[in-house]
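These notes are about the structure you will find just below.
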Amino acid sequence: MPFVKQFDAEIIENRPVTESWRELVLSWDGLAETPAPGQFLTLRVSPYSDPLLRRPFAFSGFVGRAAGEAPRASVIYQIRGGATRLLSELAPGARLDAIGPLGRGFPQPGAEETPILAGGGIGLGPLLFLASALAEIGEAPLLVLGLRSLSLLPRIELPEGAVLCTDDGSSGFRGTPVDWISRERPESRPSGGGAAVRIYGCGPAPMLAALSGLAGDRGWAASLSAEQWMACGVGACMGCALPRSGGGFLRACADGPVFDAGEIDWKACL
Amino acid sequence: MKPDLRVRIGGLELANPVGLASGTFGYGSEYEDLVDVDRIGALYTKAVTISPRPGNRPPRIVETPSGMLNSIGLANPGIEAFIAEKLPALRARRCAVFVNVAGSTEEEYLEVVERIESAGGVDGYEINVSCPNVRHGGLAFGTDPAQIERLTRALRDRTRRPLIVKLTPNVTDIGSIAKAAEAGGADAVSCINTLVGMVIDPSKARPVLAMGSGGLSGPAIRPVGVACCYKAARAVRIPVIGLGGIVRAEDALQYLLAGAKAVQVGTGTFVDPRCAISVLEGIAAWMEARGLARIDDIAALLRD
Amino acid sequence: MKPDLRVRIGGLELANPVGLASGTFGYGSEYEDLVDVDRIGALYTKAVTISPRPGNRPPRIVETPSGMLNSIGLANPGIEAFIAEKLPALRARRCAVFVNVAGSTEEEYLEVVERIESAGGVDGYEINVSCPNVRHGGLAFGTDPAQIERLTRALRDRTRRPLIVKLTPNVTDIGSIAKAAEAGGADAVSCINTLVGMVIDPSKARPVLAMGSGGLSGPAIRPVGVACCYKAARAVRIPVIGLGGIVRAEDALQYLLAGAKAVQVGTGTFVDPRCAISVLEGIAAWMEARGLARIDDIAALLRD
Amino acid sequence: MPFVKQFDAEIIENRPVTESWRELVLSWDGLAETPAPGQFLTLRVSPYSDPLLRRPFAFSGFVGRAAGEAPRASVIYQIRGGATRLLSELAPGARLDAIGPLGRGFPQPGAEETPILAGGGIGLGPLLFLASALAEIGEAPLLVLGLRSLSLLPRIELPEGAVLCTDDGSSGFRGTPVDWISRERPESRPSGGGAAVRIYGCGPAPMLAALSGLAGDRGWAASLSAEQWMACGVGACMGCALPRSGGGFLRACADGPVFDAGEIDWKACL
C-alpha cells in the first residue's frame, strides 16, 4: 500500500481553462509519496457542513521538489455542483485540507504494447498526467480526446499529435474517441504475441463501456479509470462499490479507480 | 489536573469515551496512515454476519444537506473470513474492539457471537438491530421491545463480554426499546443508528440509491441523536453511548451532557479522519478548563 | 404548452400544488410586502386552538446544521380572536386557506372545527396531531392509529370541507398512521411535521431551547420527508401532501416524484421569502420542458 | 407598517474596525423606505444550507441618494459564529440578499427629555445611527459606551463628548455605562413634569436589565433594543418571543426590537 497523508495544502493557482473548468495547482508540501497517474486526492472544500463530504479529484500533474520550491500537484476539474462551485471561488493563498495520494493508478504498458490514451470530460486530467509520465520514459503515447464541441476545449497545452474528436464536428474528427480508434486502428492482437495495444481510458461511464467492448473485440489490454460516489476514499466504508465481472463488488477508491477492463462489469455501471 | 477519561461498559474499562462508529472505519486498518487508532477508546467494526454478503447494488451513497444517505447493505466477508482475515489485526489493537453483529434471524445473531466467543480476542459486541427480521415480516428487530428483550437475553446467555444494543431512531418511543435491552441483560445501549431517508434525482426520475431508500447520518441528524440519547439515558440505568453527527468536541459534549457515558464518531471521520482524535482532545481540554475530574461529572452539570 | 398545475384535495381545486406550511407564514399578512400570496396554491395557518395560548418560554428557536429547531408551543390567539381578527383577511385571499387545528383532547379539536364551520370562509382543515394527548398519557395523537382514526372520523362528521391529517415522522410505521387517517375519512394526509430534536449549549450546560427539545425542520430533514411521503403514498389512495426541507423546485419535484400530489414550503420561506414562488415557477418550467400536462404525470415518471 | 423590501444589495465596503468587528456598507438600491435608528435588516450570507437562516443586523447608518450615487446603508457587526465569519470573508463587489427595513425603531425624545444613549457590544451600531439622527434634529445626545477593554475600541469615529467605560479601566471610566450614568446623572424626574431623561439602550441582556432598573428608580423614560434568535424577522413564526411584563410574550422582530422599558420583563430575559 502506498503511504497516504493528510495535509494542509496551499492553493498556488486556480485558473479557468474553459467556462466551467478550472486548473487547480496545490503546494504538495505534505509530500509522503509521489502520486502516480490515475491516483487521486480528496479535498475538503468547506469548513461548514454543507457541502459535507470530501471530494475526489484525479491528479493531472505533479512537479517534484525543485530548488527552493515545494512540490506541486495539479488537478483539472469541472464545476458541477456545490463543492466544485465553492472550490472555484477560492483564491491563491487559501488553504485546503487534502488527503493523498489515494487509489491504484495506471499500470505501465507492457514491452510490446502501444499505449493509446482515450478519454473525455473529467478524464482529461489523469490522461494528461499519464501522457507526460509516458513521455518521460520515452514513449510517444497517442492521446484521443472527446469533447461535445470545440468551445469546450480547455486552454491547456495538449501533447503533440493529440487527436481531437467532437460530437458536433466543430473541430477535428466528428464522433467519439471510440469511433476514431475503431476506424484508425483496425489492427488486432498479433497472432501469438501479447496485446498490440493497451487502451488507457478515463471518462464518462458509456465511454468506458465502449472502450472495454472495443478492447475485448480486438484482444487489446485496457486499463480504465472508473468514477463512483465516495465517502471515505480509503476503502473503509464500502460506499464506492462497482459491479465486479462475475458477481460481487470492487471498491473504486481502494481496489481502483483504475481497473483492468476485465475486472468490472462496465455495462452494469451505466 | 488532567481529567480521568476512563469509562466503564459492563466489566470493561475503556481508556477514553471516544469510539469509531460501525461501518465508517472498516476493520481498523483502512485509515492506518491517517489515524492513530491506539489513541481512541474503542473501535466498532463494520457489521459481521454469518454468511458473506456482497452488499447492495450501487450507487450506495449520496450526499444530503449536512448529511449523507448510505445503503451499503451489510457488505462483509462473513464470520469465517472475518475470523481468519480481520480478527488477527484487531486482536493486536490497543484500543477496545467491539464487533458489530447483524443478522436476519435470532439464530444468525447467536451464531456470529458464538463463533467469535470461541475464537476470542475481541472486547465486546454491539448488536445492530436495525436489520429487518425475515421471520417477522421484515420489520426491524429494533422496533419491537419484545423481540429486543428476547434477542438480548439469548445473546446474554452466550457471552460475558460487554453487550451493547444499538438502537434505531426510527421508532415511536426509543425509551421503551432501551428498557427492553436493559431487561434482556444488555450492558449498554448505543444510539443512534441512521434515520430512514430517500433522495430522488428529478433529472433521472428515480431514487439516487439503487435500493431506493437508505440511512441518513451526519450533522443533519445530530439534534435527533441528542434528543434520543437524552430520552434513553432517562429510561435506563445502564450506560448510553451517544452518536449521530458528531464532528467537533462540542457535539460530543452535547451527548455527554445529555447523559451519554461515551460517544462514537461516524460520518465525521469521512469529513476529516482526525475528527475522533480532535473530539477526544477537545473533551479533555474542556474538562480541564472546568476542573472536572471524571466523564461522569459532565452529565452532572446539565441543568434542564 | 403550458402545463395544467391544478390539483384536487377532496372536493376542492387548488390553483397549483405549492402551499405555505403551517407555523411558518403566520396568518398570511406578515409577509405581505415580500410575497405575492395570491400566486400560491394554498396557505396553511399557524395552529389554532380553542383557548388563546401564549406559547413556550424563549428561547424558542435555534439553528442546527442545515436546519432549525423550534418550540413555539402553539402560540395563537385562540379560536375566538382568530375568527374576529384573522378570519376576515383570510376570507379575502384568492388562494385556498386551510386552518391548522390543534388541541389536547378530542373535544378541543372538534370545537375548533365546529366554531370555524359556523363562521365559514375557510377552504379546509389541516389537523395537527403531533400535540400530546393529555388524556392518553401525553403521547401524541399522531403516534397511535386507533386514536387517529377515531379523531378523524369525529371531525369528518363535523365538516364536508377538505380534511387533511398532518402526520408526524416520529413513529415506527408512518404507513399505518396514514391508513388510519384514510379509514377515518380524511381527504388527504400531509407529511412530514418536525422531527424531535435537542441542542445543548455546552458553555451553559443546558438545552438551548427553554423547553429542552423542539421540532427539527429545514433541508436537513428532507431525505426523511421524501422517504415518509414515498411510504405514505403507497399506503393510501387519498392524496399525500409532501413537505420537509423544500427550498428549491428540485426538492419539491422529489416529493412529487415520490407520490405527493402537492407540497408545502416551511422553513424555506424564512431563508428566502420568494422560495414558494420560485418553487412553483421551477415546477412549471420543469413540466413544460418535459412536455408534462398535469401534476399527476410527474409521479407517473418515477422508476424505482 | 413600514414598507419592507427584499433586494440584491452590493457590498461597497467590509472593513475591519477591531480584530473581530467589521463595518459593512451596502448599496441600498432596493430602497423602499429610509431605515430609522433601531430598525434592522436580515441578510442571507450563504447560498448553501449551512449556515441556513437569515441573520438580523441593526442599521448603524444610512446615506440617502446623492448625486449619481445609490443610497448606502451600513451595519457594524461582530464575528461570533458561522454566519458572521462567512460574512467577514465577503469582498466588496459581492452581492447579498437583504430584507429591510424591519421592526420598530427608537422613538424621538419628548420635548422635555434629555436623551442619553447607553450601550455596548453589538449595540454600538444602532446607537451611533441614533446619535447622528438626533444630531441632525439639533439634539446633542450623550453617548455612553461600555467595552471590556480599550483594545476592543472600534476604529470608528465616535460623536463628540462620547463617554467611554471599560471594565478593566484601561481607558476612560472604570465600570459599566450603568455605573457611570448612576453616578454622574443623579437627577430624577422633576416633580410634576415629564421624564427628565430618556435612556436609549442597546447591548447585552444584563445591561438592558440594569438600564431598565435604573430608569425605573429615577422615573426616567427608557427605550431599549432587545436581541433574540429570529427565524422569519417579519412577525410570522413567533420564534423571537420576549417575556412581556405581566405575562405573555412580544415578538422582538415585529413588536420591537425597540421596546419601552416597561413593556418587557427584562430580568426574565437573562
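In this document, chain identifiers A, B, C and D correspond to the written order of the chains, with residue numbering beginning at 1 in each.
Here is the rule we go by: a contact is a pair of C-beta atoms (placed from the backbone, for glycine too) under 8 Å apart; a residue touches a chain by one contact, two chains touch by 3 or more.
Source: prediction; values computed, not measured.
K.L.:
If you apply the touch rule, which chains end up adjacent to both chain A and chain C?
P.N.:
Looking at chain C and chain A together, the chains touching each of them are B, D.
K.L.:
Which chain's C-alpha centroid is most distant from that of chain C?
P.N.:
A
K.L.:
If you average the CA atoms of chain C and of chain D, how far apart do the two points sit, in angstrom?
P.N.:
Centres of chain C and chain D (C-alpha means) sit 36 Å apart.
K.L.:
Can you give the whole-Å distance between the Cα centres of chain A and chain D?
P.N.:
Taking the mean C-alpha position of each chain, the two centres sit 54 Å apart.
K.L.:
Using the average of all C-alpha atoms in each chain as its centre, how far is it in Å between chain B and chain C?
P.N.:
From the centre of chain B to the centre of chain C is 34 Å.
K.L.:
Please list all residues of chain D that touch 2 or more other chains.
P.N.:
In chain D, the residues touching two or more other chains are 49-51.
K.L.:
Which chain B residues reach two or more other chains?
P.N.:
65-67, 218-220
K.L.:
Name the shape of the chain contact graph, picking from line, ring, star, complete and other.
P.N.:
Per interface graph, the chains form a complete graph.
K.L.:
How about chain A: which of its residues touch chain B in the complex?
P.N.:
Answer in residue numbers: 1, 3-6, 32, 44, 49-54, 97, 99, 228-243, 247-249, 254.
K.L.:
Can you tell me which positions in chain C touch chain A when the two form their complex?
P.N.:
Contact set of chain C toward chain A: 65-66, 219.
K.L.:
Which stretch or stretches of chain D touch chain A in the complex?
P.N.:
Against chain A, the touching part of chain D is residues 46, 48-51, 82, 86.
K.L.:
Quick check: in the complex, which residue numbers of chain D touch chain B?
P.N.:
Listed in rising order, the residues of chain D that touch chain B are 49-50.
K.L.:
In the complex of these two chains, what residues of chain C are touching chain D?
P.N.:
Residues in contact with chain D: 23-26, 30-34, 46, 54-63, 65-68, 70, 72, 75, 218-220, 247, 267, 269-274.
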